[in-house]
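A, B, C, D, E and F label the chains in the order they appear, each numbered from 1.
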Amino acid sequence: MKYTVMVNEGPYQHQSADSALQFVRAALAKGHEIFRVFFYHDGVNNGTRLAVPPKDDRLLQQEWSDLAKEHDLDLVICIAAAQRRGLMDADEAKRQGLDADNIIEGFRISGLGQLIEGSIQSDRTIVFGD
Amino acid sequence: MKYTVMVNEGPYQHQSADSALQFVRAALAKGHEIFRVFFYHDGVNNGTRLAVPPKDDRLLQQEWSDLAKEHDLDLVICIAAAQRRGLMDADEAKRQGLDADNIIEGFRISGLGQLIEGSIQSDRTIVFGD
Amino acid sequence: MAMLHIVNKSPFERNAFKSCLDHAVAGDSILMIEDAAVGAVDGTVFADDLKAAMTDKSVYVLGGDLAARGMSEDRMIDGIKVVDYAGFVDLTADNDKTQSWV
Amino acid sequence: MAMLHIVNKSPFERNAFKSCLDHAVAGDSILMIEDAAVGAVDGTVFADDLKAAMTDKSVYVLGGDLAARGMSEDRMIDGIKVVDYAGFVDLTADNDKTQSWV
Amino acid sequence: MATKKFMYVNRKAPYGTVYALESLEVVLIAAAFEQDVSLAFIDDGVYQIAKGQNTDGIGMKNFSATYNALGDYEINKLYVEKESLEERGLTEDDLMPIMWEDEDDDWAEKPSIRIVSRAEMANVLADQDVHYSF
Amino acid sequence: MATKKFMYVNRKAPYGTVYALESLEVVLIAAAFEQDVSLAFIDDGVYQIAKGQNTDGIGMKNFSATYNALGDYEINKLYVEKESLEERGLTEDDLMPIMWEDEDDDWAEKPSIRIVSRAEMANVLADQDVHYSF
C-alpha cells in the first residue's frame, strides 16, 4: 500500500513527530511504500541540521535524515511554512539574501502542491499533529 | 515595576509569541522595566534570523530583534532547549562542530539559571505558553 | 496577596479554563486572552461556570482578542471588563502575582 | 468504506476525543495514541463515553503509549485491543481511510 | 486519474494558533488540482468564519476575507455543524455570508455554507477519501 | 536577597508533549538557587509521577526516575490533587513512592508527595510568589 504522511509539529515539543517516525518505520518494515512525508506548520523544524546530539536521548532530526538515506524517502518541507519559521536550504537562502542555511541532508523544500499530489497518488494519507 | 517574561512557544504556531511581544511593548510604554525575556521550549525558535519577511504579515523574529535593539532588552534563549531544536549562535556552533549558526541579533544563548535569577530579581514573572 | 490568573485557551476546547476557575480564590482576578476570549460571550455552554466565578472574582477580557474572533462586546456576560495590552500590564502590576493556565 | 479515527489527545484535557466519538459512525475503528492512551483506562470520568461508543465501533490503543504513562493493560476497559506500531499500520491498511482528531 | 474527495477538518479558533491560516493556504493550492474539495467547521472551527473579525488590536493579519474568495476557486461546500454553533451561543447569522456563483445557473449567487447537524456531519466525514485535520 | 516561593504547576501528561521533561530540567537547576520550591500536579499532570512508566515501546527517554532524585536536592513538596487522581481512576497507590531524607530527624525517610483536595490546592497556589506553568 502507498502512503503519504503529513507531519505538523516540530521535534520534541509534541510527540507527533516521534509517532510519525515510528509509523513510517513500521510501514516500511511491513513492505509498504512511503510515497512522501510532507512537513507542514512547525513540522518544518524537523529538517534542521543545527541540532546537537544529546547524551541520553534521541536526535529526531538525524533519525529522519538517516531513514531517508536508508530507504530513499521523499521528505518534503513546505516552503511557505519554512519561510515563516526560518528553515532554509542553500538555494532558497541565496535567493533570499540570507547568509546561512540549516536544512539537513535528506529533506527538500517545495510547495504545498506536493502534499495534494501525494494524497492523490497514495492509497492513504495519515496526519500527525497536535 | 520589574518584569521577567517567559516565552514557551515558537513564532506563528501559537499566538503566545505574539502576546508576549505585545505585552513587553505595552509594559515598556508604561515605563516598566523588562529585566529579561527568557525563551524556553519551542520559544527558542523566536530567535532565528533565517526567516523570510512576508509580503503581508508580521515577521515576529525581526520584531523581537528590533525591540531588543531599541530598548536594550536582554533576550535569553535556553541552551538545552536550543540544542534539541537547532538554534545556534556562532560560539556554540563552533563548539559543536556545526557549519552554520542561525541566531538573530539581539538574542543570546544561556542556561536555565537565567530564568530563575530573572524571577528572583523581578517583581513579576509572566508566562506565555500553549 | 491577590493573584491574576491568565487564561489563553478556549473553554470549549480544553479544560484549562475550567481548571483555572476551580483553583482561583475569592478576590482573585481572571484575564482572558487569545482563544480564551470566546469564553466572555453569554449564552454559551460555559457561561454559567464563568458567572458563578464572578460572584467573588473579577473577570477581564483582552478586547483585541475578542474582536479578532468576531465577537462584539455587547454579547459579553454582564460585568466582564474589557482591557487592552496596557490594561493587561496594569492588571499584572496591581495583583501581587500571576499564574498562566496554559 | 470504514474509517480509522486516530486520537492523540487526552480525553481529560481536550474535547478532541469526545468530538471523535460524536462523529464516528457504526463500523468505524478508533485508535488511541500518545496522550489519548490514558482514555483506555476503566473507572475514569470518561470511561462511560468510550464504552457507549464500543457498542458499534472497534477501539484500539497503542500499547507503548499506554505503558509509557504507567497504565497497565489489566486496567483497561474490557474489549479494547492493544496494538503496536505494526498493528497501527495494519489498521490504516484495513480501513479505507483515516481521520486524525488533532 | 480519478478524482478524490478531500475534506479539510477545521476544529480550532483562528489566531490563537496558525492552523486556520495555514489550512486555508492548503485549500487555495488544492483548488488547482481539480479534486472534490469540502471544508468542515466543527467545534471551535466555527469561529474561523465568524463575521466581523477585526485583528487591529492584536497585530496579526486578518485573513477572514479569504473565505469569501473560495467560491472563485469552485470551492463551495463549507459544512458547518449546528450543535457546535449552539454550544457557543452562535447562529448562522453570526457567520460571514460566503457565496459562490453557479455558472450552470446563469451565474446565480448561492450560499456556500451548509448548516448540518452533528449526525449529518458524521456522514459527511464518512463520505470522504482524504481527511486533512487542522 | 529574600527567598521566594517558586511553584511549578504541572498539568499535562508526560511524553505527549515535552513540557513535563523540560519542567523537570528547570526544577533541577532551581535547586541551586536556594529558593522555596514546590511542585503541583493537577489534571493530567498526575500521570507524570505515575509508577511503572515504561517507554520501551515509543523510543523516548523514560525520565520518571528523576522525580525520585528531587529529595536529594531538598525539593520535597510535591502537591498532588486528589480530585485529579479520582477523575482518572487513580489513587495514591498508583504514584511512585517519592521520598526524601530529613537531616533534622536522623535522616528519616519521609514522603514528598502530599495529596491535597482541590480546595487545598487552590490555597497552596495562592500562597506562592512565582508560578511557572507547564
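Definition applied: a residue touches a chain if its C-beta (ideal position, glycine included) is under 8 Å from a C-beta of that chain, and two chains touch if they have at least 3 such contacts.
All values derive from a computational prediction rather than experimental measurement.
Contacts with chain D and chain E are shared by A, C.
On a Cα centroid basis, the chain most remote from chain A in this structure is C.
Ranked by separation of Cα centres from chain D, the top chain is B. More than half of the contact pairs at D-E come back, by residue number, in C-F, the repeat among D-F, C-E or C-F.
Separating the CA-averaged centres of chain D and chain F is a span of 28 Å. Rounded to whole angstrom units, the spacing between the C-alpha centres of chain C and chain D is 33. Separation between the centroids of chain A and chain C, computed from CA atoms only, is 38 Å.
Multi-chain contact residues of chain C (touching two or more other chains) are listed as 8, 12-13, 15, 34-35, 84, 97-98, 100, 102. The multi-chain contact residues of chain B, meaning those touching 2 or more other chains, are 12-13, 15, 22, 41, 57, 125, 127, 129. Residues of chain E found to touch two or more other chains are 11, 15-18, 43, 58, 60, 130-131, 133-134.
The chain pairs satisfying the stated touch condition come to A-B, A-D, A-E, A-F, B-C, B-E, B-F, C-D, C-E, C-F, D-E, D-F. Residue ranges of chain A in contact with chain F, taken from their complex: 12-15, 18, 21-22, 56-58.
Note for the complex: chain E touches chain A at residues 1, 4, 6, 18-19, 22, 25-26, 29-30, 32-33, 35, 130-134.
The part of chain D that touches chain C in the complex is made up of residues 12-15.
Note for the complex: chain C touches chain F at residues 1, 3, 15-16, 19, 22-25, 28, 97-102.
By the touch rule above, chain D contacts chain F in their complex via residues 8-10, 12-13, 34-35, 38, 41-45, 47, 62-65, 67-72, 75, 84.
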